[in-house]
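Each in structure tokens, the structures are laid out below.
In what comes next, subunit A is part of two complexes: it sits with subunit B in the first one and with subunit C in the second one.
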Partner chain A sequence: MFFHIVLERNMQLHPRHFGRDLREKLVSKLMKDVEGTCSGRHGFVVAITGIENVGKGLIRDGTGFVTFPVKYQCVVFRPFKGEILEAVVTMVNKMGFFAEAGPVQIFVSNHLIPDDMEFQSGDMPNYTTSDGSVKIQKDSEVRLKIIGTRVDATEIFCIGTIKDDFLGVISDPATAS
Partner chain B sequence: MSVEPFNRLVKLAARAFYDDITTKGDNQPKTGRSDNRGIAVVVLDALTRRQWVREEDLAKDLKLHSKQLRRTLRFFEEEKLVTRDHRKETAKGAKIYSAAVAATVDGLQNGREGDEKIKLHTHSYCCLDYAQIYDVVRYRLHRMKKKLKDELDNKNTVQEYICPNCGKRYTALDALRLISPDDEYFHCESCNGELVAESDKLAAQEMGDGDDNARRRRREKLKDMLQKMEEQLKPLMEQLNRVKDLPVPEFGSLQAWELRANAAGRAGNGDSTANDPSKSSQGLGYGGTPMPFLGETKVEVAFSGVEEKADIKSENANSPMKVLPPWMIKQGMNLTKEQRGEVKQELKMEGTSSPAELSDDKKTTGKDDVKNLQDEYVKAYYAALLQRQREQEEAEKGQQERSNTNISNGVNGTSSERQVGVKSKRDDDEGDDDVEWEEAPPAGNTGESYKVNDLNVQADASGDDDDDIDWEEG
Partner chain C sequence: MVRYAIGREREVAVCLMQKSIDKGSELQIRSAIALDHLKNYIYIEADKEAHVREACRGMRNRYSNKIILVPIKEMTDVLSVESKAIDLSRDTWVRMKIGTYKGDLAKVVDVDNVRQRVTVKLIPRIDLQALANKLEGREVPKKKAFVPPPRFMNVDEAREMHIRVERRCNPMTGDYFENINGMMFKDGFLYKTVSMKSISSQNIQPTFDELEKFRQPGENRDGDMASLSTLFANRKKGHFMKGDRVIFVKGDLKNLKGWVEKVEEDTVHIRPNAEGLLSTLAVNEKELCKFFEPGNHVKVVSGATEGTTGMIITVEGHRVVILSDTSKEHVRVFSDNVVESSEVTTGVTRIGNYELHDLVLLDNMTFGVIIHVESEAFQVLKGVPERSEVVLVRLREIKYKLEKKTYAQDWSKNTVSVKDIVRILEGPCKGKQGPVEHIFRGILFICDRHHLEHAGFICAKSQFCVVVGGSRANGDRNGDALPSRFTHLRTPTHVPQSPGRLSRGGPPIDSGGRHRGGRGHDSLVGTTIKVRQGPFKGYRGRVVEVKGPSVRIELESQMKVVTVDRNYISDNVVISTPYRSDNP
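Right, the complex of A and B next:
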């Protein structure tokens, strides 16, 4: 789920940036530092949308670096148990398949794949229904439901299921091209 | 078209799901005496015999306290089985409803006249919402089954993996760390052994673990529950299937229903001398209070009328009515007999004779005083009525064709004369059927006298119809 929230971060800036465009330098550094990172608490920071305020800088003794407390608005993505996501399959193996929904990695174990889908090994390992009409392989797009999340300080990993109504392949790369 | 299968559905659902529902005020002590389990079923059953009903009336009929009834109804409203409507009413507004009830059942009019001076009051009405009930029951069954099955299938559970070498356990959440670049299995972090999914292992090898035993017991219990559910709810599911392709009875909003019922009532008054049988049996059966019977709405529409109005009607009969030429008479028109150019005498005779018969009828059923019996009677009665109506429609078609061809002859009298002739001829042959004979050709709105016979004669009726057509052709 996406949220638009305000976060705060202490930015250290090298003295060489002290000049007219100090603020721009600060913001671009913030973007580089923060976008794409993940915190267990807020989820993945997708994009910074604005700066709320930049506090007074504090010069560090000895180094000349200055620390600015920066409040910024950003869009974060935090997966939740029970959430339905659309994801791209990145790897298929005998144990199930891995998929990505933006920055989030999701594993769907084979017992949460519908029973009528069988694993087929080969160059392009896949799960296929007996009549061959539905196939899950690398780059397939699937809709899945998150049934568990593992949230570490800097990492979120999910496990999902496609064994439910309206879940499963939503587009097949083989037929799409 | 029939509401009966849906009513059966409601009754089954009531017994399956609402059997032990208690609706109690929070302040009431939960003593044995105030235990009102089963009320929900009673209320639902009562509603299957009604259309829109004022809640006070329902409470009176069921001999329930109106507060208790309202609590139950509110519960059913939340359960989406019942639609309710509340409105402030003057005496006049109340009368609209009464008239509507009168039109669907009849009677009541007299009783209501007296209420003229009710002050503005909020009245609540309720009605079963069959379409929604069908969906709600299906959804409920679906959820029950899904919940049990999901638990059984270990759906939405995190898969666990075990290393057969060192016994280290992992979950699917560790998957990212366990994949190996060389093959398609997960590998143990410490010994690089190939991991196996725990459920497979459980099947393969007996674990003395207490935890696992508990899990197995739980599985068995779930399976048992699922099986029991399938078994016990089978009649309900079968009924759902039966109802699946039937058109759902719709009464519309309270206002719409009233309008419709009133209009139908007015139309029905045209010919009604006696809807007495239904009235008397129903009235007695439920302690003298009239009920809107669901029966066949269509039938009620065509035949219902109010006793009182019937009287007015026969008075009116004295003043000459315009006779419609036969080519103007179409199927579905509600015409009086005079308009169809029939003999007034006949009408009057019916008017006087049939109520006598009917009141006999009423007494006999009334004495029994067995509600079931009357229910049966009314059901059979409506069934017979419906069948009769269908036959009649056919006969009517026949008549129409005939009258169209007869236009050149110019006289509508001919047809009725012929009828009379035939009638008397038939009289000689089979005395029992004569009433039907005289009624069948004039199509549309028939006198009611035959209805009483109808129950007994029903079997013959279809046979007669064929004769009827034969005769018309010849």
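Right, the complex of A and C next:
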């Protein structure tokens, strides 16, 4: 799920950036630092949408670096248990397949793939139904439900299922092209 | 209580009972006990020795008049012995103590208490070829101490080898058995009648794999009960904890779920998860089993995979399938052996001096990376680039850890060092890409996190790899990609470099991140270095510019920019003399 929230961060700035465009430097550094990172509590920071306020800078002894507390608005993405997501399959193997929904990696185990789909190894490993009408392979788009999340400091890893109504392949690269 | 020497213990005891019925209160003894394990003696309980003598007068089978008084201390032990008697019942797991099947797991199918014999179900270890030879009377030089591996009996296979297979019906049970050379088979299992003495039934902890083998494909979930009963017997103390989710597996309340409220010895107080029931129920812990749902994050607390953590993928009866956090592999365990935990571990990561992902020397020729640590052994991916070869080695088989930092040359003769990202151009893992973890004798061990086998490690010849220059600069989000080129010169561990005092003043991201995409010599610009020689020796600073053989450095401690010979700085990317900067 996406959230638009306000976060705070202490930014360290090198003295050589002090000047007219200090603020721009600060913002661009913030973006560089924060966008794409992941925190266990808030999830992935997708984009910074605005700066709320920049606090007073504090000069650090010895180095000349200055610390600014910056409050910024950002869009974060955090997967939840039970959430339905659409994801792109990145890898298929006999244990199941990995899919990515933006920055989140999701693993769907073969136990959580409908029983009528079987693993076919080969050049392009895939899961196919017995009649061959549905195929999950690399780059397929699937709709899945998250059943568990593991949140580390730097990564969110989920396991999902497609063994439910209305879940499964939503577009097939083979048929689309 | 008095001991009494005699021949047929049971018989005498029964005689005494008969006597007491006949004579009524005349017989002044209180009880008589014959114990199976105690030969030649029976116990008689009486107030006086004379009463015992009186009662035993005229008994047959008496060899001696000796009567021994049992000391008061031992009196209670006489009868408490009974509790030690093994309760062998159907469907219990036992292990064979002797013979070909020594140590094998077996399931009790029938118990004959009178003759002290049990019928057990085993996975046969039969060498059909040898059997055929024997039946046809051929003499074959016998290889000694050869135990055939356990394998299900295939009747058709036996027939093909001209072994006579009879199909017989057991008159007692009505079941059909295949009879081969006096051995009984059913569904591939061997049914064997053995003496109770030749099996051990105490502390049997069947491993998951063993139980899986015994499980027949058609067996329904209730078939678990047998295995469960044994498992329960081996539960540790404090198995259940407050807050655990449990499910009833026996009795009227079967399949009721609830939460543990309180644990007292064997009794567990449960708050059931159903309307119209008491708020708490006190039940025996044997009736309970832990319960999990897919998605729970758990830790394995006993069994072969002890210590592994992962997320539950499916729950099948009382087994759960866990996706291990580290290896991304499926682990099948009993739900009884796991606890809910938010912890993420790799399980055991260290035995002795060796840790997971260490490069070790096995003997003079072979070396490899530890990819998995088991309870007493390591799995090592050997440094053979043609194919991935994994061996299981014990601690003592490892000579030592290889920590020396070396370099290798890639396809285009560029220097490859540890942490560089390379792409494999040839061989079975062609196209894979990842950071180099170890280098030894021109062999690279590359860690690709998308590679699922061998904990992501790939072994490749350095000549068949190419350093990926571009992705080094922008592939790493944390910005430690640039300094990574020389981290190996300073820190033996794989911790991303945090250049000395700078780490206090500013995050390490500062230096690398700002100059993303820099290539070649310019990659030096912006990095923080230390001057190693010359008048500015010991100074630290930021590289402003590279001018041919010299660099201009903005010193950290003084407000000036100085020019220093390129060879005088410690973080020189030109690795012409790699060892000279080992003393930064």
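The working rule: the second predicted complex is superposed on the first by the 177 of 177 C-alpha atoms of A that agree within 3 Å, B and C clash if a C-alpha of one lies under 4 Å from a C-alpha of the other, contacts with A are read in each partner's own complex, and residues count from 1 in each chain.
Definition applied: a residue touches a chain if its C-beta (ideal position, glycine included) is under 8 Å from a C-beta of that chain, and two chains touch if they have at least 3 such contacts.
Computed from a prediction, not measured in an experiment: that's the story for all the values here.
Contacts of A:Ile159 after superposition on the shared chain: both subunit B and subunit C are touched. Of the two partner chains placed by the overlay, subunit B and subunit C both lie in contact with A:Arg150. Once the two complexes are laid over each other on the shared chain, residue contacts for A:His111 go to subunit B and to subunit C alike. Contacts of A:Thr49 after superposition on the shared chain: neither subunit B nor subunit C is touched. When both complexes are overlaid on chain A, the residue A:Ser121 reaches subunit B alone and has no touch with subunit C.
By the touch criterion stated above, A:Gln12 is placed in contact with subunit C alone, subunit B being left untouched. In the superposed model, A:Thr37 lies in contact with subunit C only, and not with subunit B. With both structures placed on the common chain, the touch criterion links A:Asn93 to subunit B and to subunit C.
Note: residues 91, 93, 95, 107, 109, 111-112, 147-150, 157, 159, 161 of subunit A belong to the subunit B contact set and to the subunit C contact set alike, using the contact criterion stated above. Contact residues on subunit B toward subunit A in their complex (touch as defined above): 153-159, 172-176, 179, 184-186, 197, 199. Every residue of subunit A that touches subunit B in the complex is listed here, in rising order: 91, 93-96, 98, 105, 107, 109-112, 121, 125, 147-150, 157, 159, 161, 163-164. The part of subunit A that touches subunit C in the complex is made up of residues 12, 14, 32-33, 36-37, 60, 62-65, 81, 90-91, 93, 95, 107, 109, 111-112, 147-150, 152, 157, 159, 161. The part of subunit C that touches subunit A in the complex is made up of residues 294-297, 311-314, 321, 323, 325, 328-330, 344, 450, 452, 477, 501-502, 504-507, 509-510, 513, 556.
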